[in-house]
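Shared between the two complexes below is chain A, which pairs with chain B and chain C, respectively.
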Partner chain A sequence: MANDKTPIVAALAAATCALLGSSLPDPVQAQEEPKWDFNTALLYYGEDNDRVQDLSLNILARRNFVDDRFLTAGLTVDALTGASPNGALPQSVAQTFTQPSGGRTYTISPEEIPTDDTFRDSRVAVNVNWQQPLGRLYQLNVGASASAEYDYVHTGLNARISRDFNQKNTTLSAGLALARDTLDPVGGVPLALTPMRLADRGDDDDDEGGGGMSANGWSSKESKDVLDVVFGLTQVVSRNFLFQANYSFSDASGYLNDPYKILSVVDGVTGDAVPLVPDPVFDGPSHLYLYEHRPDERVKHSLYLQGKYNMAGKVLDLSYRYMSDDWEIDSHTLEARYRWPVGRSSYLEPHLRYYTQTEASFYTPSIVDGAPLPGYASADYRLGNFDAFTVGLKYGWTTNSGNDASVRLELYQQLGDIPSQQLIGNQLGRDNYPDLNAIILQFGYRFGL
Partner chain B sequence: MSKSVVVSLVCALMICGGCASMGVEPWERDVLARDEMQLTTDPVEAALDDHIYFSKEASSGGRGFGGGGCGCN
Partner chain C sequence: MSATRGRHVEVTQASGYWVGRFAAMASPCEVLCEAPNRAQALALTKIAAAEAWRIEDRFSRYRAGNVIDRINTAAGAAVSVDAETAQLIDFSRTLYELSHGKFDVTSGVLRRVWVFDGSDNIPDAAAVQSVMPYVGWQRVSWQSPTLQMPAGMQIDLGGIGKEYAVDRAAELLRQASDLSCLVNLGGDLVVTRQPRFRDCWSVGIESTAAQVSLPASLLKLKVGALATSGDARRYLLKGKRRYSHILDPKTGWPVPNAPRSVTVAADTCTQAGMLSTLAMLEGDAAEAFLAAQGVQYWCDRGSEFVLDV
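Coming up: the complex of A and B.
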């Protein structure tokens, strides 16, 4: 009799496992699924007026192991070129600036927003991630990331733990990420709020290297540390609806300036940039410009809400993010995606995004000549008041071989607004904010091995 | 921390308080299990977007960690 009981217990256990197993949301569990899943994308990002262009190749590989364990590894390679606004205001006369390398100068035509077109970089980024269950209800996720550019190196570690409740309908998670980034700017790290350098370093485009200080008191390297903490809640509401709510805290400390950004020093009445007497030996800036200066700490809080709703096969994805930081920047981001099946194996997905931010407390379009220098000042357009809009459309289909392919085209536009009380004299009649129009074109292909 | 963040957090916790009565039975997960119902449908596209917006705006992250890791111009 004792021997007869065992198969019943085993059968009950198997049935229970099958039932519990069926509650797992991830379809990758099926034994027929491939061991490796590759998610690849080629992205072109291009701004108008010969500003930043980026060609980006991305591969994300994911391998499943027994017992719901996953290894994920990602590689991104970017090739970047183009011009970027340097922070100076447009003028009615031509303006000359020293390249960051200190080797040459470049000149901007009257009424044009000054941009530095020497920007050219490549970037390689890698990340690895390991995910596994801890017992029946917990899930652990640990990862590392690194990226390198000519003048910038990032290294980071992250970990996240989550716990399921309420028959896996509720999941709470907590995550921590630490990053150490090192900047090694072309030409060295400028001293904050000091005049733009002369082109006194010949045609040598290399940075000084070797660490330490150069003769002008500039260091060659700086670093910053970033701590991120995220608490999340995911809730299944019904068979067709789930949502997520995340609170994030971020603390960045160290060198937070952009070493390539400057501000125009202007006359307090006319608002025009203060011209300089040319140096008898070296080329150099035509007007007085100062390197920017930001606080060496920034604390951000953000709240992110996302809901997904399935309406008879059509999926609406809505999200909202509120961000507030101690630089007095507040931002709101609203995003919507609507996935619309077309036929049996393809879909269309329109995408809308709206973003708005207030300016940093130390954002200023210019510094008045003769007035006491502010403690912090930046004219970086990304710290100003602006709204941004994204409109996009994605088309995805399943290929004859059963793999997923997609193409998406999006337009991104930034419209800035410098409050008139921050503008002086002739600045009021000029177009001072470097509005941005960009195109995003992406091809995606996902396959298994 | 600004007042609106606190208010939002309190709201999130209140919503959470009602979570125990929400949800589905294990055999009702057919729709939720589909790829298009995952919170992040396409992780590569999400990472690319995070990176673009991190480079061009003063906010980042939210969905997960802050993104970034570049000296973006």
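Coming up: the complex of A and C.
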């Protein structure tokens, strides 16, 4: 078939013009809806005083299928650097500690809160979820997650089922998640409440001599299992008000210590750390420090309440969480966000958060020399009494290409409080709790393909 | 007249817009509009429905007494037509020329031997040959406004009528209102203006491969037209061969390897409809034809959409 390949669009437009007897309307603007929706974020988290810095890239991809079925896949890559408090108390003299690897020591100046600056890690986390309706009223969501860092591997499975009632104004849901985490600390898993090891240059530990405290009796790997159960209620109260309530139960069992955290052993009168006689062969800690010990089970209950009010496009989001566990930590979190449209395609969203927790029953700033060893003890600042405040502002806008972009800046402050009856002698005059200031800067970009 | 039974419109509220529904040209039709209230939505739907029904009555070859009926029953006599009919006939002559004879309004008589009902009733070559003398625009004498053709020939503007009706209705809605309306006559549609309260109107394109859980393709249409030519339900199947309902007027046989459906986006529904029809007539070369036109199109060949922009 002989066929002239000359485009006919121009001739067709002219003929259409003649037929319709009018000038042609505006040019067509059509675009295929993307099948994949990508939500990406680059986040910087930085603590002051050279403590933890984290650069995190997060990509969440969602693929829509017919009949309200979705596949989501997420990838997070973190690069962490900086120092982290090791649990020891500040002293009027310099303190020397063995690095977790057992290879070297590091020294902290007088009056400074000891931090271990060998903390450097990268982390990769992935998750996949599948969501689909089951019949007209049920939704099923199943997923798997995994993450890996140099000393930690997480694997998890989760499932959630929800049912709509009351013309979809009420949704009840129940979820279950199981996780198995494996810990492979640098230098091995320390024996709880034993003295900090000497720095034996990381050699294998079949040597006699001063390396006695090294890896003998230490295991190389530990694990923990976590079970989470969640029951939720979502209620559309009115066109402008959405309410949500969740109860969750969590049971973690296995190795729950932080293998890098220690406690200072102190004199019962002065409160000063007990100095050690230097080892003739190996470098080692300047004072007596014990590795921490936590119970091997932790059961948490929490209740979460959230309300969202839409006031003519301005959305107020208020939430409260109460958590209580059998380590006797109780926490309260109050959070508020207010989304305030600016112009046609952008918004400002201030964010306020207040968090407070009580200390764990076995939290103690130090262990008294000569007194019987407690069953469990930790000086990890995250298990102490503290309050935390977050103030943030997010600006979001729609780009010319129709994608969503946002930038978020937040300031975080954590202020701890060690009860004075837990402090001894000279400790009372010192700043023992490692207060924390951090900045969070996040860029978000959402696009379709 | 039986075809005018059930001519009513109904309006319902959807989230953020109104939907008016009616039936015309044997298809379900709708008008979506960003009207502030039911009364306005109803008024706009009535404008579109009235225009669709007017065009159906005037140009359907199934209506006794209309201009098409007069032409088709003239038995060789010259027929003088009104200005609107003349414009449509002018347009179809242009299409005949632009398509090198593949688009031909006289090809309707082929349906006496070709009945596309999903069966395997393929007519024999002799039957096809018997109607071929009545097919071919070159046999028609057209000197606007007078048309004369040999007895036994017929013209059918069905290949243009629906798209024309969509554009006409859209123009009337543009004149009547500043609101954004989407006029949809059986899948051929126009968005009259950019919506104000939403980013765009979302339009689904059906995949014929329904047994596969392909994602429904959704198009975001701000303004402009979409038209689809397809044979999702109209075909013959003999052995493993599928005969599309797109007939080549030069051979009297279905165009081989025509896509199952072609959707085209254009400024007007008439342009979109003609491009999708001509693409189907190109068979194997449908995608190449559409690519050469520089338009957005979605070509379904049964297994997968071939998307090109």
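Criterion: the second predicted complex is superposed on the first by the 401 of 449 C-alpha atoms of A that agree within 3 Å, B and C clash if a C-alpha of one lies under 4 Å from a C-alpha of the other, contacts with A are read in each partner's own complex, and residues count from 1 in each chain.
Note that in this section a residue touches a chain if its C-beta (ideal position, glycine included) is under 8 Å from a C-beta of that chain, and two chains touch if they have at least 3 such contacts.
All values reported here derive from a predicted model rather than from experimental measurement.
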item: First, second, both or neither for A:Lys35, with chain B first and chain C second; value: second
item: Which of chain B and chain C A:Asp68 touches, first, second, both or neither; value: neither
item: Touching partner for A:Asp151 - first (chain B), second (chain C), both, neither; value: first
item: First, second, both or neither for A:Asp435, with chain B first and chain C second; value: neither
item: Which superposed partner A:Gly402 touches (first chain B, second chain C, both, neither); value: second
item: Winner by number of chain A residues touched, once chain B and chain C are compared; value: B
item: Partner chain in contact with A:Tyr260 - chain B first, chain C second, else both or neither; value: first
item: Footprint overlap on chain A, where chain B in one structure and chain C in the other make contact; value: 19-20, 22, 24-27
item: Touching residues (chain side chain C, partner chain A) in the complex; value: 87-88, 90-91, 94-95, 98-100, 164, 167-168, 170-171, 174, 190, 192-194, 199-200, 202, 213-226, 265-268, 270-272, 274-275, 278, 282, 285, 292-296, 298, 307, 309
item: Footprint of chain B on chain A - complex, ascending; value: 19-20, 22-27, 39-41, 43, 45, 52, 56, 58, 60, 74, 76, 80, 84, 119, 123, 125, 145, 147, 149, 151-152, 154, 156, 158, 165-170, 175, 177, 179, 181, 183, 185, 226, 228, 230, 233-240, 242, 244-248, 250, 258, 260, 300-306, 308, 310, 315, 317, 319, 321-325, 327, 329-331, 333, 339, 347, 355, 357, 360, 382-383, 388, 406, 408, 412, 414, 436, 438, 440, 442, 444
item: Sites on chain B touched by chain A in the complex; value: 1-2, 4-5, 8-9, 12, 15-16, 19-20, 22-39, 41-45, 47-48, 52-53, 56-59, 61-66, 68-71, 73
item: Interface residues, chain A side, partner chain C - complex; value: 2-5, 7-9, 11-13, 15-16, 18-22, 24-33, 35, 63-67, 69, 402
